[in-house]
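In the two assemblies presented below, subunit A is common to both, partnered first by subunit B and then by subunit C.
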Partner chain A sequence: MNALSIGQTRAGNVCIVTLTGRIDSTSASDVMAELTRLISSGEKSILVDLGAVLYLTSAAFRALLVATNEAERRAAKLALCNLAGHVRELFEMGGLLDVFAIHNSRDEALKQLAGPHA
Partner chain B sequence: MTTRPPGLIYAVDDQPPLAILAVSALQHIALMAITLIFPIIVAREANLSRTQFLDLVSLSMLGLGVANICFCLRLRLIGSGYLCGAAYTAIFLGPSLFALQQGGLPLVFGMTVVGGLVQVAIAPLLRRLRALLPSEIAGLVIAVVGLTLAGLGVRYGLGIDAQQQKINPEYVIVAGVSLVTMTVLNVWSKGYGKMFCVLIGMTVGYAVSAARGMFDPAAIIPEGGLSIVRVPQLQHMGLSFDPVLIAPFAVAALAATLRAMGDVSNAQRINDADWVRPNFASLAGGVMANGVAVMFCGLVGSSGINTYSSSIGLSGATGVTSRSVGYAIGLGFCVLAFVPPVAVALAAMPLPVMGAALFFTAAFVFTSGLQMITARMLDARKTLVIGFSFAMAIVADLYHEALMEMPIVLQPIFGNSLVLGTVCAVVLNLLMRIGVRQQVSLKLAPGGINRDAVERFLTEQGARWAARRDIMQRAIFGVVQLLEVVGDPPGGVEVEASFDEFNLDIRIRYVGVPLTIPDRRPTPKEILESEHGETLLAGYLLRQSADSISASGDDGFVEMILHYDH
Partner chain C sequence: MPHAVDVRIRNDVSDIVILRDTLDHLAREFGIPQRALTQLQVALDEVASNVIKYSWDDGGPHEFLVRIIVQPDRVDLELFDDGREFDPVTALPPTQPAAGQRPRPGGLGIHLIKQLVDRFAYERIDGRNHTTLSKTCEVGTAVQRSEE
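Here is the complex of A and B:
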């Protein structure tokens, strides 16, 4: 009904991953696999755009945490942007807003990410 | 708790400086004074003398004063507690003119008192009647009022009347200058310009009208001259009653009640950035205030009064929603009722100035109504209720002449777009409830739980119930999250949803172990380290997203209940 699709674009040195649909246990592994693949391939700045995500479950949060952890381990940056409505509510409910690097918009995130690695 | 919207300059509990208070009140007074047109129409049809005519206008202003104070009160039984302006309404015009034909002004006033009594009787029952008068119907009423105001504004602004279906260029100039002034100040100015855009626009309109010879207060001055201060007399007053007229006045009272509910909800929404549902104590107080005010107006010899969507639109547009402004408006009208020159100036307000102000505020009223409708999920039934009723309201204006061929008892319903739209919506809403079950369930067979089916089931059911979007979204998340943790139990899963306008309860039954619902959020380390951490996060998210959650189990049969306040 609202299956997840994963898109990818670049803006300078930043790799932008756009997620669309819902992220639950069936699709969270795809997100985790894609993000860890990008980190392993040497990407130093990854931006995950959640603007088109309908909702995400605990499995999705875990996938994002694993990817963030992996990025830190490899001295890369992973940030999230465009958290809106129900998705932002879920981050708030889970007390997870401070756990990730979160930006209000894609532009704001790109300015931040472009810095040290540019 | 309410969240103050960032655009508000003076919120409901704020106390603006005296100068701001006075000018804000004056602006509302000018806007509300437009609606004196409705008692004036009745007075003109009754062929009153100039003195009696002026008395009626003055007493109508007194009625406005009392009504404004009643609406703003924050008492247990009466008052909405918000800046909720009062104004004479077209809703009672049809029944009033009909009563005038049947028994003269005493019958108009007597039946107006009856209309007020109906509202007083409805007010304490509002909570129980909620299912019959849901907020999407209140939104529809507000949207129709917006359209009616816009239509009236265009008619006055263009100088079109029943006799002359032709545009008057002089009117267009005055209305155009006035409307452009209001719009420019509202959109491209800040501070006082934005706050007083309507008053400034109307003043500009008066000035242009005077310059073009369209402002003639002399035509209203009584034969014996005009004193500065005068206690209005009740010479035109009398009371009589007719049981035949109870039906049209009761329908008008119901429409006025729905409009009051919509307006008070709108006032609540403007004052709370996180508004999701109306506060019923405030709604009931507002409707009670409306009933008392209508009775007062009938007793002093004026016509039916209602909340004023334009005034609430104005408070939203200017960012001044302080309750104190409401009291100042009420006091202002009470004082002005004893100053006949003001009654003359207001009664002589140029029509194109009225038109511009009505058209401007109608935009805010109409969009507020649409927002109230679209906050709910609408399935085919609800879409038909809203669509048909909206269309019928428009048809009442488009084919007014044809509909007035109806039997005389039905004319007050079919002759007024708001009354027809409201009756249609209430009746259709009742009919469309047939066959809508308030409790439904879905059985998910073992061997791969189909989450798409769950989403579809809850989405469709939410629309059938016209449930709030945000609540259904939380419920869908809750069920999917729970199913994710439960996995694929051997006997499958049963999802049961029940709804009653106040509560949404989802029961999930399966064979297995109940989900742990932790009090504290698991740390990121716990979540990362094991799937157990992820399960704890699931339980914590469920606890946070539902208004309450409980689990019970007996011999492996588990029932988890997710409750959401609606």
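Here is the complex of A and C:
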């Protein structure tokens, strides 16, 4: 019930990954696998939309950290958007709000990720 | 009230789904407020996955018991495992990264648990780890959305 689903769309050169449901120790590896697959395939701008996430655990934070480090290593950008309610609170508790590139909305994130050369 | 449910799971991370569904079911049945439920789900995932990852290092199959107790003013999660002695309550917090550095992945689970619940206790009893988490909340007042 409310298991994780991973959707994908594109806006220009930005690949948008929409996560829906719960990201916990049973599903975080799917998130890590999908994000590292996208980075390996050459995506340079990835936006992870967390607006429909019910909650996430440290396994999810680990997946996002690993993917962010991997993106950096490959000169790609990975950003998060739409952290609301419980999800934002969990980022705060983990002291992780400053660790990721976080945007309030998808539009704001897309402007930033598209960059001046888009 | 109180109402206790015992769930026995394997040291296999996929079994955490059983705990998650049991807690969801109890939340609907007894009216655990949504915010408390979310925090309990995260804490339960953290503490159970910790047992699965660290209690046994022989690679073999093991089982452990999780007891969920719904009280009028709180929810208790009790875990009993016969793995190696480990006190998560006094475990060191994750080391702070140097300025400008990202934290190392992992190590956050126990730090989160301490902020999510009101009581986090550990005892070694008769060669078993006994870990208890309690979340204070007003049970029975929440109107639960019916899902699925």
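Throughout what follows, the second predicted complex is superposed on the first by the 116 of 118 C-alpha atoms of A that agree within 3 Å, B and C clash if a C-alpha of one lies under 4 Å from a C-alpha of the other, contacts with A are read in each partner's own complex, and residues count from 1 in each chain.
The rule is simple: a residue touches a chain if its C-beta (ideal position, glycine included) is under 8 Å from a C-beta of that chain, and two chains touch if they have at least 3 such contacts.
Note that the structure is a prediction, hence the values are computed from the model and not measured.
Subunit B and subunit C, once both complexes are superposed via subunit A, clash. In the superposition on chain A, no contact is made by A:Gln8 with either subunit B or subunit C.
Judged by the touch definition given at the top, the superposed model places A:Ser40 against neither subunit B nor subunit C.
When the two complexes are overlaid on their common chain A, residue A:Asn104 makes contact with neither subunit B nor subunit C.
Judged by the document's definition of touching, subunit A residues 1-2, 22, 24-26, 55, 57-59, 61-62, 65-66, 69, 86, 90, 93-95, 99 lie at the interface with subunit B and also at the interface with subunit C.
Against subunit A, in their complex, subunit B makes its touches with residues 451-452, 455-456, 470, 473-474, 476-477, 480-481, 484-485, 521, 524, 527-528, 533-535, 537-538, 540-541, 544-545.
Subunit A meets subunit C in the complex at residues 1-2, 22, 24-26, 54-59, 61-62, 65-66, 68-69, 86, 90, 93-96, 99.
Every residue of subunit A that touches subunit B in the complex is listed here, in rising order: 1-2, 22, 24-26, 55, 57-59, 61-62, 65-66, 69, 86, 89-90, 93-95, 99. Against subunit A, in their complex, subunit C makes its touches with residues 13-14, 16-17, 20-21, 24, 35, 38-39, 41-42, 45-46, 48-49, 102-109, 111-112, 115-116, 147-148.
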